[in-house]
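For reference, the structure I am asking about is given below.
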């Protein structure tokens, strides 16, 4: 049994203000939402397709980001690279870039005329813009830095002497990483995964610019919300709330299953 | 002297792909940018004002988020709250909410007609929307979850036995937090701060909706980019690149000063 | 203001159920094999773990009585040396030691002065600025000791405070710790594996095995009547108080012993029962100490017999069963006890 | 395939500069006061720290020679017990021990079987599923020991492997470790503060102070001619090999000793020089062992004199200067050495 | 926060597509009416309308379509915009007119039906009797145009003003049915305007010949 915790006001008060600040606008939305029209707004097949697409794309994006992002975080935190500070700053580029510009940048490279997209098209017949794969790429571009930076932070905070112990037991860098480092920084990875998934789910600008907006293929919820906002703000509120409800449900369930034990 | 690290291909290859994926689009932008027009685009007082405003607002936002977000992260990670999983998921709301909807939500609550904004206005004569303060609030709403979630991840990964040791030395929860916990999770806080600052710097949708687009007051760089996209797409690329250059410079300098020591 | 604890903690496969009292100024040593529950007891007393049942009380103050009362660690005036030190890695050795006083409101300059003094005491004055990760294991343990001692808490909990120290440092730190504990008005619980630490530093021993107390009492009492072979082996030590003058120690209980290392003033002298030789007639030879004794009792242990001898001083001697037969040892037998000066360890008491 | 290391590491205020060789099958004990550089040497040999200069070589394989060659830890066949254990907190005790074999390519089932066997050896069979945080300090140390031993590395580095163990466990684990090291074809470097561990387990002692070697040699040699008081105090132990039959041990070097605990087969017997009494005439009394010796030499230490005695067996005795005067000790003096059976510790060798 | 003491402040909320023209008109107006300081808030018309409804301190609102105008406003149409076909330079898709938009093999971008340009496009296609096969439905004209500029699509329906602004990289092909889908830009002084007199003179100025010339240069038509 762990000792119960008392909670100092100097921490609880700002925490409560912070929580209120993050959630009260949501309450505003909920109050504003036309609850009786809700089924009407949500039961359209377009919206259900958009919701499903959003969840699928955000999840695929997160998988892609985990695959590439965790090694990248390791490289930044542990490998003794020259110019590491600069590389680390470079990773934050997609964070700072307005998402629409990010979409443009992706088109410049992966579009039909782009240096990479051109070859993808002529050699493999692959065209990424206007496809669901394009949505995943656009979301990954925007969301990956969140994963990389929070995992890197976790790696830096971790006690690297356990990795030394693993090395003396004959474990390669890779095995050490998989079996010692990753489990030790699991909370940081979970945090990064949540950030990545949520950011991908809410991504709008880069998606519409790179992947366009075609119902059933590239119209994710944020795109549907944005367009609804133009003609029917109430519908937009309802859709947003639906998106939120789903994501909160997913996160509340998943995180408590991932995080075993009380601390 | 620490042992030099060899680098396993199974980590380096995905890391390199990830890095390329994040940076090659940037290269595309750089190649595309009309370099000779650059001074012409950047030397306008409007753009300089927007750049300054962006940096100031993002920094103020980060300060606000640190003040409220770190205690909130502590509450979520350490205090034994009922329904913690749900609260934690609630914090991710602004991540998932399309930023424009976030702006709408803020307007609904803090606008002149909103339940909170109304009182602020009539009691204190404070009006937040369409002011620089409004920009900070909009950015904070969008950026705070990044800080909270990565700090919370760091807190969970930290060894809480050091906090126990501090308690036996008579340190209150608050003192322990300040003098033991915070320094131990410094890398996680730095990561969260970087995410928060960068996200605030790049924020567009919530800002333009809640704070409007008043040059010199609420027109941050992403808004200026948006307008430039209307009139002169090349200028938009130039402005984005300028924003990036500044943010990379800031991050590359700051982070290497914050992170002392080789690891 | 006696510490009165009835510690009951149930965990997966392990259950702790011990009763402990420590009076002000008293030092109680908690001994027992690995996994006996010593650290568990320390954590419960410190307020880091909750009791399942029982209570922790200091005088009238109830610190823990499930399910209602629980005073958290930071509001118990305790000082703890943890088995794995738990030094704050981001603070220097000095700042680690100054942490406690600072947390209890001592001004920075005073806290640092106190900390510096304690670091000097444990022989680490020149490592004041070092980070814990750059200290050696023994150095880290000494910093942890200084950190717990500097705050002068009501209840001092020391979990193997000398385990990582090398022999000579240990000697010095043990004496220093002994000096400190003697003047110290609080209650001390000392967990240790080293019988010498326990015998020299403690007023009372509590020996636990598998979560239960198997024996307790003053060191000499426990050494005299060990209930199990484990305890006999653990506390096999003759311990006397006395006053040294050069290499002669006049014992408080009567008699005198010659020791190898000269000392002055109040001391402890300690020697193992195995060091005491028994002769039917007074022998002439190197052993400096030879005095007449009478067998008061005999106790059979696994392979040896512990002989209780009355005399000046009264001592315990371990001999083989063959000796018992040969010298016809029985209560009342008159013998000469012989003890080499070099066998006696001397520790300053004051 | 001798380990040949010239370890030079310079750090802030500390410089290590020692030369070490360990032959296959040899056990070298590294002793020294806290902060002498023992852990630093272990880390450099393990490949966790770079040398500033010098080299580490095993046979023809160069492991480290700055600035060019550096073989990282995972490609050196080493096994390390760390001073603070460094068990993986997310793995069970069993998985911790199985980690090394798994990393070296042993199939899961075999690795677990090996791990289980080692856990049983260190007496933790029933804690196989426990997480390190739920183990006691001594239990954790035993898991760390099992984890390093299970892989049978070419070079075994043990940093205070027995420090957290209680007396009886220590006895058992020391014997177990001794048995293992005897059959073990690799090279072992054992860091310890306990002279008995060093004397019993090591073939050769290397004593360092402040980063430099102050003495090295076989245990008996070092004990015979300690260069400093510190070493004299540290290694003050008579150590003999012999074959036990009940309570009689026939010594390999001639002579026999009576011991308290019966044993059988090859053993070590150890007793401190302070336990040896010297008499001008043969005394009659409890001490089981009495044999004629001749003074071969005398060495003055701080407060005692170490007397080298030739005989069967030849032994060292520590006496006070007063005894030297009284018995007129000088090379050639004929005396009787007396040693109580209960003073002798016996350890199985095989 | 706003409100310098030495000049009268005038706040104009205007659709993003008016950015270039109105910035110029604002400068001219400040010169013509000394002592005024025009502050613009450019953005999506819907956003601006919501901000006004939520109490934003605006004097004048110029929207990109009548439907996005705030309710209860007596608005005047001050400019019109007409659709045109935008194709990448060199017209790689060899687009000749609206019927090509029905070709599935060509990449086509249109505005989503919810935004004004999408509404206009729908009218144009109805008039032409063509069922378009778009690959993407963009959230605004700019987004559609961006895809043309980068050569991602072979054609898009955009406003002439937009095509003009991007003339360096985009060719425009006019088509007859555009007349059926003209978009009106309304302007009004808001009932809640803090500075009504200057607001009225600004609206008057926008309707003047001088301002009309600026609008025409940007590609707008007179109402």
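Each chain carries a letter (A, B, C, D and E) given by its place in the written order, and its residues are counted from 1.
Following the convention adopted for this analysis, a residue touches a chain if its C-beta (ideal position, glycine included) is under 8 Å from a C-beta of that chain, and two chains touch if they have at least 3 such contacts.
For each chain, UniProt lists the protein as follows: A, B = Molybdenum transport system permease; C, D = Molybdate transport system ATP-binding protein.
Quantities reported herein were computed from a predicted structural model and do not represent experimental measurements.
Traced through touching neighbours, the fewest hops from chain C to chain E number 2. Among the remaining chains, those touching chain A as well as chain E are B. Counting contacting C-beta pairs between every two chains, the top pair is A-B. Computed centre separation for the pair chain B/chain D is 57 angstrom, with centres defined by C-alpha atoms.
Rounded to whole angstrom, the centroid-to-centroid distance between chain B and chain E, based on C-alpha atoms, equals 33 Å. Multi-chain contact residues of chain A (touching two or more other chains): 3-6, 100, 104, 108, 164, 172-173, 184, 186, 226, 229, 233. For chain C, residues touching at least two other chains, in rising order: 47-48, 72-73.
Counting partner chains per residue, chain E shows two or more touched chains at residues 50, 146. Interface residues of chain A, counted against chain D in their complex, comprise 161-162, 164-173, 175-176, 179-180, 183-184, 186. Here chain C touches chain B in the complex through residues 46-48, 72-74, 76-80, 82, 86, 88-91, 99-100, 103-104, 147, 151, 157, going by the rule given at the top.
On chain D, the positions that touch chain C within their shared complex are 11-13, 32-36, 38-39, 83-84, 126, 134-139, 142, 159-160, 163-170, 193, 195, 230, 233-234, 247, 258, 260-262, 273-275, 277-281, 283-288, 302-304, 317-320, 322-323, 326-327, 336, 338, 340-343. Those residues of chain A that touch chain E in the shared complex are 100, 104, 107-108, 111-113, 129-130, 208-209, 212-215, 218-219, 223, 226-231, 233.
By the touch rule above, chain E contacts chain B in their complex via residues 1-2, 16-17, 19-20, 39-43, 47, 50-51, 54-57, 142, 146, 149, 165-166, 169.
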